[in-house]
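In the two complexes that follow, chain A is the common piece, with chain B as its partner first and chain C second.
Presenting the complex of A and B:
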C-alpha cells in the first residue's frame, strides 16, 4: 500500500519536475541521470542480485549506443525501431561473451569482464570504417516526432526527450521488478548467497547467471541507445571501463540488491560530480572522500540505511 | 512420492569400482557397494578414509578417476550435480550450507526448483497457472519442513536459526527435491545429544516417505542406531560391509576404527 503510494508520488514528481525547472542544464542532467539509472539497474541485476561483479556495463552501453545510431543512420531503420533493437543486439553480444565468461567464478569473472570492456573500447576506436573511430559519429537523428493530431511531440526538444527517458526508466523498473520478485529473482539471490548449495538444490546455476548477465547487458544497451539519440553525437570515450566502474559505484552507493538503490546511486554518480564543481580543483578529491565515507559508514548503501532509519524511528514511536 | 516397492528389492543406488586420485594421492580405490530401496546405509571409516571423497563422487561434486554411479538403472557419472538432483539424488554437506538471508520456507522453496513444471518466464509474467503451481509447492515445502521438525520456524530468517536447526534446514531443502536417495554428510556434526536423538528419529522416518538414505557419520552411536547396513572404508578401500551387528564384531573394522576410537 505505502509502496504503491510512494511509486505514484515519485512518478508524479518526475512528471511535473520540468514544469518547475527553468534552467535547461538541470533538465539535461536529469536526462543523463535517468539514462544512467537504467544502466545502473542493469549492473544491479548481475552484481546486486546475482553476486557477480561485471565491469562491462560501459561496453554494453557503447554497443547499444552504436548499434542504435548505426541502424538508424546506415541501415535506414526508424529511430524508434533501432532504439528497441539495441538491447536485443546487446543481448546477443552478451550471450556470446558471457557463455565462456560465466564458467569462471568470483574475481576472475570480474577480470574477464574488464578485459571485455577494453576489447570493445579498442574495437570502437579502431574499426574506423564502421564507427568513425575517435572523432565519433555526428548527427545521430532524434526519434521521429509523434503526431497527436492537435499537437506534435518533437524529440529534438529537451523537455520532450526528458519524458521519453522517464518512460524508458519506468518501463525498465517495471520489468526488473517483475523479474526480481519472481521465482527467477529468488534463484538469483540464492546464487549470490550460496552457489554450491543452489547447485545441490538442483538449480542449473549457469543458466540463471547467463540470463542475469544478458539481461543486465541489454539494459545497458537500452540506456546507451537513449543516450546516443539524445546527445546526437557519440564517440568511444563515455563507454570505457570508467563508465562500468561508475555503474558499479552507483549500485554500491544506492544499495545493491534493492530496486530503488540504483535510482539513488545512479542519480548521485551523475549529479554529485556536477554539484561539487563549486569545490573547483578539489572536486575529485571531495567526490572520492564522500564515496569512501559512504562505503565505510553505510556499507549496504544509502537506501537500506535510510529504510532502516525510518523503521527504527517508527518503531520507537509505537513503543514509547 | 517415489515408487516405493513397485520394483521390489532391486538395487537403487550402485557404486561400481569408484576411484579418485588427487595428484599422487589415491583417495579412493575401487570401492563398490549397492543400496536397496527403503534402506538406510551408513558409510563409516576413520578420518581420511575417503568417506567425503566417496560422497562427492556419488553426488557429482567431484569427477571420478574411474568407476560408475548408477541410480535406478540410470548412469549418473559425468553428470553435473544439478542433473543428479533431477534424477533423484540429493545431498547435504559436512559444513552447514543454507541461504542465510531467506526464510526457512524460502530456503525449502529453492529446493523445489526442479519440481516446477511451469517455465520461469510464467513466474515473471505472474500467470494464474504459475501462481497455482507456486501455492501447491508451498504446501510441499511445508511438508518437507515438517519432516525435519522445522514447521514452527517457517517464516524465520535462516541465519537466525540455531546451528542444529540450520543443519536440519539443509536436510529439508534436500528432501524438497523429492529425492529417491539422500546423501547425508555428517548430519550430526556440532549437535548435542538431545539434538542427535531427534535427528536419529528424523532419519529413521525417511524410508517411510519413499526416501532411502546414505549417511556418513563420525558418531558411531547414531550409525549403529539408524542403519540397516554399514559400509566401512579405510585408506580409500572398502574393508567391510554388513549389518550393524556384523560390523560391530568384524575384526578388520575393530582394528581399523573402533579399536582406535579414542585416538580418532
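Presenting the complex of A and C:
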C-alpha cells in the first residue's frame, strides 16, 4: 500500500519536475541520469540478483547506441523501431559473448567481461567504415514527432525527450520488477546465495545465468539507444570500461539486489561529479573520498541503509 | 541402484581417491565412514555431478552418470543434502523447500510440504522466517527437508551431524531412521561413526582414498580396528 503510494508520488514528481525547473542544464542532467539508471538496473540484474559482476555494461550500451543510430541512419529504419531493435541486437551479442564467459566464475568472469568491453571499444574505434571511428557518428536523428491532432510532440526538444526517457525508465522498472519477483527471480537469488547447492537441487544454473546476462545487457543496449538519439552524436568514448565501472558503482552505491538501489545510485553517479564542480580541481578527489566513505560505512548501499534506519526509528516509536 | 566401480577423483594434478568401488541397493542405507581427508565428501560430490571423476564408472539405475552436470543428475533422482547446513540463507524456510522440489511438477508439491512440516514440526513454526536466522540444528532440518522435497530415489547426506549440538544430533539420528523407515534409499557420510552404524545397514571404511574394510553395520561395529580407531573403545 505504502509502496504503491510512494511509486505514484515519485512518478508524479518526475512528471512535474520539468515544469518547475527552468534551467535546461538540469533537464539535461536528469535525462542522462535516467538513461544511466536503466543501464545500472541492468547491471543490478546480473550483479545484485545473480551475484556475477559483469564489467561489460558499457560495451553493451555502446552496441545498443551504435545499432540504433546506424539502423536509423543507414538502414532507413524509423527511429522508434531502431530504438526497440537495439536491445534485441544487444541481446544477440550478449548471448554469443555470455555462453563461453559464464563457464567461469567469480573474479575470472569479471575479468573476462572487462576484456569483452575492451574488445568492443577497440572495434568501435577501428571499424571506421561502419562506425566512423574516433570522430564518431554525427547528426543522429531524433525520434519522429508524434502528432496528437491538436499539438505535435517534437523530440528534438529537451522536455519532450525527458518524458520519453522517463517512460522508458518506468517500462524498464516494471519489467525488471516482474522478472525478479517471478520464479526465475527466485532462482537467480538462489544462484547468488549458493550456486553448487542450487545445481544440486536440480537447477540448470547456466541457463539462468545466461538469461540474466542477456537481460542485463539488453537493458544497457536500450539505455544506449536512448542516449544516442538524445545526444545526436556518439563516439566510442562513453562506452569504454569506465562506463561499466560506473554502472557497478551505481549498483553498489544505491544498494545491490534492491529494485530502487540502482535508481539512487544511477542518479548519484551522474549528478555527484557535476555537483562537485564547486570543488574545482579537487573534484575527483572529493568524489573518490565520498565513494570510499559510502563503501566503508554503508557497505550494503544507501537504500538498504535508509530503509533500516526508518524501520528502527518507527519501531522505537511503537515500543517506547 | 547405485553402482560405483574403480572411481578415481582428483583436484588438479593430485589424485585423492584411488579407485573406490561400492554399491547401494534399493531401500538400503549405506554409510561411508573414515577419518577427515579420506575422500568421503569428494566421492559424494562426484556422485552428485558437482565434480568430474578422473576415471572409473558411476552407474545409477542402469545409466552411466559419471561426468554429467549436477542438475541433470538431480533430475534423475539423486538428491544431496550437503555438508555444513547449506541453506539459501536469505530465503524463507518455505522458499527453500519449494526450491527443493524444483525438478518436479508444481501441483504435487503441496502435500509434500505438509508432510515435511509434520516430519519437522519446528519448521512449521518457522516457515516464513529467513533460513539464515535459524539455529544450526534447524538449518540442518531445512537442508534435509529440502533434499527430501525432490522425492529422490537416492538421498545423499554429507555429515548431517557436523557442528551441531549433541542433543540435536540425537534428533537428527531419529530423523534419519524415520526417513529410512519410509523406504528412501540413503547414502550417508558421517564422522560420528557410532551414529552412522546405528542408522545404516552396511558400511564402507575409507582411508586415504581407498576402501579398507566393508561389511554390515554389526560386523563393522564388532571389528577391532574400527572400534579402536572410531568408536573409542
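Here, the second predicted complex is superposed on the first by the 320 of 320 C-alpha atoms of A that agree within 3 Å, B and C clash if a C-alpha of one lies under 4 Å from a C-alpha of the other, contacts with A are read in each partner's own complex, and residues count from 1 in each chain.
We adopt the following convention: contacts are C-beta pairs under 8 Å (C-beta built on N, C-alpha and C of every residue); 3 or more make two chains touch, one makes a residue touch a chain.
Bear in mind that the values here come from a model prediction, so they are computed numbers and not experimental data.
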item	value
When chain B and chain C are modelled together on chain A, clash or fit	clash
Which of chain B and chain C A:204 touches, first, second, both or neither	both
Chain B versus chain C as contact partner of A:178, first or second or both or neither	first
Contacts of A:79 with chain B and chain C, given as first, second, both or neither	neither
Touched partner set for A:248, first chain B, second chain C, both or neither	neither
First (chain B), second (chain C), both or neither touched by A:196	both
Residue contacts on chain A - larger count, chain B or chain C	B
Touched partner set for A:186, first chain B, second chain C, both or neither	both
Chain B/chain C common contact set on chain A	186-187, 189-190, 193-194, 196-205
Complex contacts: residues of chain A adjacent to chain B	178-179, 182-184, 186-187, 189-190, 193-194, 196-205
Touch list for chain B against partner chain A, complex	59, 61, 80-83, 85-86, 90-93, 97-102, 106, 109-111, 113-114, 116, 120, 123-126, 130, 134, 170, 173-174, 176-177
Residue ranges of chain C touching chain A (in the complex, touch as defined)	48-50, 69-72, 74-75, 79-80, 82, 86-91, 95, 99-100, 102-103, 146, 150
Interfacial residue positions of chain A with respect to chain C in the complex	186-187, 189-190, 193-194, 196-205
